[in-house]
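When the chains are written out, they are named A, B, C and D in that same order, and each has its own residue count from 1.
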Amino acid sequence: MPATDSLRLLHLNPIAMLPFECDYSCGAHPLVLKRLIETNDERTQTYGFDRFSERAREKIRTACGMPGADIFFLSGGTQTNATVIDGILKSYEGVVCAETGHINVHEAGAIEAEGHRVIALPAVNGKLEATSLDRFMTNFEQDENRDHVVQPGMVYITVPSELGTSYSAREVSDIYEVCRKYRLPLYVDGARLGYGLMADDCDFDLPWLARHCDVFYIGGTKVGALCGEAVVFTNMRSPRHFFTIVKRHGALMAKGRLIGVQFDALFTDNLYFSISRHAIAAARRLKNMLRERGFQFFIESATNQQFVVMKNPVMEKLARTVAFSRWEKYDETHTVCRFVTSWATTSDDLDALEAALSRLPAAR
Amino acid sequence: MPATDSLRLLHLNPIAMLPFECDYSCGAHPLVLKRLIETNDERTQTYGFDRFSERAREKIRTACGMPGADIFFLSGGTQTNATVIDGILKSYEGVVCAETGHINVHEAGAIEAEGHRVIALPAVNGKLEATSLDRFMTNFEQDENRDHVVQPGMVYITVPSELGTSYSAREVSDIYEVCRKYRLPLYVDGARLGYGLMADDCDFDLPWLARHCDVFYIGGTKVGALCGEAVVFTNMRSPRHFFTIVKRHGALMAKGRLIGVQFDALFTDNLYFSISRHAIAAARRLKNMLRERGFQFFIESATNQQFVVMKNPVMEKLARTVAFSRWEKYDETHTVCRFVTSWATTSDDLDALEAALSRLPAAR
Amino acid sequence: MPATDSLRLLHLNPIAMLPFECDYSCGAHPLVLKRLIETNDERTQTYGFDRFSERAREKIRTACGMPGADIFFLSGGTQTNATVIDGILKSYEGVVCAETGHINVHEAGAIEAEGHRVIALPAVNGKLEATSLDRFMTNFEQDENRDHVVQPGMVYITVPSELGTSYSAREVSDIYEVCRKYRLPLYVDGARLGYGLMADDCDFDLPWLARHCDVFYIGGTKVGALCGEAVVFTNMRSPRHFFTIVKRHGALMAKGRLIGVQFDALFTDNLYFSISRHAIAAARRLKNMLRERGFQFFIESATNQQFVVMKNPVMEKLARTVAFSRWEKYDETHTVCRFVTSWATTSDDLDALEAALSRLPAAR
Amino acid sequence: MPATDSLRLLHLNPIAMLPFECDYSCGAHPLVLKRLIETNDERTQTYGFDRFSERAREKIRTACGMPGADIFFLSGGTQTNATVIDGILKSYEGVVCAETGHINVHEAGAIEAEGHRVIALPAVNGKLEATSLDRFMTNFEQDENRDHVVQPGMVYITVPSELGTSYSAREVSDIYEVCRKYRLPLYVDGARLGYGLMADDCDFDLPWLARHCDVFYIGGTKVGALCGEAVVFTNMRSPRHFFTIVKRHGALMAKGRLIGVQFDALFTDNLYFSISRHAIAAARRLKNMLRERGFQFFIESATNQQFVVMKNPVMEKLARTVAFSRWEKYDETHTVCRFVTSWATTSDDLDALEAALSRLPAAR
């Protein structure tokens, strides 16, 4: 382990345990790996101009119903957020998001690194609300001191949210309407987009989403790829010189094919969606198990992340055989714990979890 | 292709042609790919704490003869340079390099993006000279206005240089001595380190280099990997909170194993060095071919990049069947062209190139 | 007026009206101006090395009871905050403050411009609370993800607060204790420090404050000078190369004497304190007038800023003859209004205000 | 003196000596001071919306023959350069200048602080040449790797140059033509603009200059003011939200009147030009003295800065009674020395210098 002063284990000894701590502890989906193997010996263009990346772009455009969309492949989520947001904002502008937004909590200041403030508004169920955004903008426009403050320059939401909750089509379109009213581009962080779109309570699909924001990204790292996110500019053209902006952020891969090949596989025969559906089915079973054992849910989620409140001794006992995340302190005697499924979750994993849960004392 | 306003092809139609345009147009070395396949189904820790990354770190420490070295894996060269340099410099400091240094010419301002000036000194044969560095620092220290200028905070060199030339052990140790005289950390960009160390005229090895700089990186992207560079802090500890610094640069991979696994393979059974040696042997043959055809070399290189001066019509003719790079204009009628070998160059490639060269008119 | 697209008047037509809108609408205090006149023809060293600046530094050191303090003169408050904070923080660190902190609300992103997050905690009566800071730091230290977030690197408070409230000595020392516990430098923004120290409810003096923080600034712009703030490093040395940091921020004045001369005057014969006391006496009378007229105070303040809640029609009527600030909407029918006194407030101003208030309809 | 580790005296003990070390060692011109005194007791609007600033803007517009120009007042030169350049450039763009440009040599990285590279081209007589700029841009446009490098976004020149030399009208218009060819805004740093315009070899005036660049600033600090520079946007509108950009740079003065009043005085009855003319007359006499004493001029200058090559012992002897600057080492036994006149240079100063020169041994 690197000898820095403050490195922590995010998940205690997960390897020997049942894997519910996150959705990025496995390698690639077998079909993604297969494509990497098949294409390995081909020589290609570099920096994302290769034919695999081209093909992946075409397939994503089709899946989005947007033949004219600009698409770029970047290697990770924080990098993608920092690059897209910096590419869109002017130097003196900030990005508006829910206080629970990933850029506000877990990106180590990557947005500020480029000089932009993250303007956090209160979140409800992990989501930004159109009314709250509208109120903020109204107050901003009426503020006599508005020239002395950071100018709001775009809006960021995560679909599904960081707490696993789903935005309804109505909620997204309301937010988008407020964005257009104030000429703010809307950017959707789709790190777990597949899991969001396949959730039972999701009432929109990919083409609909593409028509209701200005740019979004389709997360690969957490949905079957080894790395890689696909940025899709929809109703706006990509910012001028976005290629250079990507390079300046250290986000341009020499072997861009690495991501192109993976997205080519993910968008062949709807793989991206079918593996996401698998994770949602697993999450449904997981949720039922937890509910049956009497656990209180911290928040209602229909996606692949489930948050429950656990008595600390119960949590400690479970943690001996199951890997999951301690999300935050609930009160002096309880903790919010996160259980995550993914495309890689197996029936065996779920059976074993069920057995482990049955060995626990009273739920809360 | 992304619809930006100024995207260019770096290398015209290389796919159908003989592959001498760069060293990153292929996938992974078969043994690297094999390890990715073998390990794919294992669940691991995330963010570089996995056992493959740990093992790779151990092997690299051994290869460097530095049991205590701090090692971090990042995904690409520009990102690595930006992160390491920003991690070391204070806000008001700049990095000194040769004017041909990669950070000065081809990183789209990634160093300045974090507020640091690139202080470029004249290059001789693509290399920084100790005397030139010493003179610069002497003048700086004597400058009555020195508090009004960017403070030099570290030194950057590339081994081998961007023009393919090799530093001798004496040249590196002279530079390092000047660095220590002025308390400037020395950072070595090793994007093509394997090719440099295996060059006929290289008179030092990896452990020697590790003892003669403060931090360097071992390039993977151009030497057998799909992506990834290994940063090695040698005589200094890694900067405090370097993990967070990596994250802030968008350079932390969720599935850190992707790079760890590849470096584990590259540093098993000396693969990194043997495949580098292969590229050097290919470069030797390439060089002889070009010399025999009467081409003038723009610069003397013993590594995998060869630069020759070509008459423009000759260049155009060759470009119909061979992929290579137009480096820069030489004069009104000639161009400097770059030919590159790699671990993936085959005898067939070289045979075919020989045939293509033989069909050319008079060399210059 | 500059032809930008969004410039606003901060204060409507103040010139013809009674001056209670801010504490920087006049020129310099006569004794400050006198020193500027007397010294104008002398040639001096530049960049703050002149003898007037030296003398001012000595006087401030004496006033602070800190013979070894490092002192720098900068021209304005936002500039001072940005320079000091950037000088202290490492690139990946942020500054913790109350949500009402000037750096969080009215500095147009000057802190983020250098890459640093402003980490805003809830404010109580416009003040940061030690318990809230301690809780934040405890949670931060216990957070398993702490390496993925902005590292808190220093603490910022404003004395007196942006809402005119006073910190007690106990409150400051409690905050400072938490700061030392977590090794966070404490920085005190003293834009209105004189008015704070002279307030009836202030139970500490300048030397005491100097011993209970690591760096603070003594505001000149709002307390008798034309421009200028004096930064005092107390328990810590100034950051290495702070002179260069000041220059890099565009904050180094060629004729540093301009500020030095003014602070020389302000710290001669306790001028800084006596003119502050004048403003506090004026504020006391102002407060009584407003209370007698039945206005509700938005917050209890003993300094030169007084905030009252006004019925909108009453406010509109008063605004015809009196300049004051509309701070924020209180509810649909009331507005929070700010009245400010300064060293320049006269008895005539107060008499006339009293008359204007007496002509108003029922207070709220 | 501030206790930092590396502060230097720029000019040794100048106070007791004859004042030729710089043009900012005095206070304000008497008429500027007079206006500050006269206006001191008036209450005004803040942040540059005061009537003095308004009046100064009107007078400057008239002097420039540009009724529609946007004008902003900032306090110092480095700050002005950083703010204007950052206001114009996009994040990924750099500013092109001569290698001798102030932003390239003496601003401590203030441009890079906002993420922008200073792209330095060779200087001839301290000046950027249109042909050199054109060649650079041609090469840039033809570079197949142009998307991997910093994009040139504007051009910066200094009038007169940092070495005191004058651009001819032809030289400026040639540069401006190249700028328009490549759509690069041209920014003129006029820190010593008055001295440049009044030089014998200057063949253009202020209105001509205003028509041959996109933005320039009229230096006040070195030409009669205590502080302050006037930024004039001519052929372009000021960047959107420039007021906020100024604030974000810490460059917005609460008492903006301080600069407005001074420029009001400087642009009343052509004061700015008449005091500049005075400095030029003094420089002419200075030049003649130096020439008569046989000194070799390092560069031919008709403005208020004169550079001569001095034998080191001669220099040392003169430095006992005369304050001047050691510019740079010429060779082992000679130094380039700078002598500067200003609006404040007196006949007595010049007489005394003449006497001092006459006491020197042989000139070189």
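Operating definition for what follows: contacts are C-beta pairs under 8 Å (C-beta built on N, C-alpha and C of every residue); 3 or more make two chains touch, one makes a residue touch a chain.
In this text, all values refer to a predicted model and were calculated from it rather than measured experimentally.
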For this session: Give a one-word verdict, same or different, on whether chain A and chain D use largely identical residue numbers at their interface, taking over half shared as same.
Result: same
Exercise. So which chain is farthest from chain B, going by the mean of the CA atoms in each chain?
Worked result: C
For this session: Indicate the whole-number Å distance between the mean C-alpha point of chain A and the mean C-alpha point of chain C.
Result: 41
Seminar exercise, completed: Expressed in whole Å, how far the mean CA point of chain A lies from that of chain D is 51
Problem set entry | Intercentroid distance (Cα basis), chain B paired with chain A, Å | 33
Problem set entry | Residues of chain A touching at least two other chains | 6-7, 9-10, 91-92, 107-109, 113-115, 147-149, 240-241, 243-244, 247-248
Seminar exercise, completed: Given the complex, residues on chain A that touch chain D span 86, 90-92, 114-115, 147-149, 151, 240-241, 243-245, 247-248
For this session: Name, in rising order, each residue of chain C that touches chain A in their complex.
Result: 6-10, 91-92, 94, 105-109, 112-118, 139, 142, 144-150, 325-326
Exercise. Which chain C residues qualify as touching chain D in the complex?
Worked result: 1-7, 9-11, 14-15, 19, 22, 24-28, 30, 33, 36-37, 39-49, 51, 54, 57, 68, 70-72, 75-83, 107-110, 113-114, 221-222, 226-227, 237-238, 240-244, 247-255, 257-258, 344
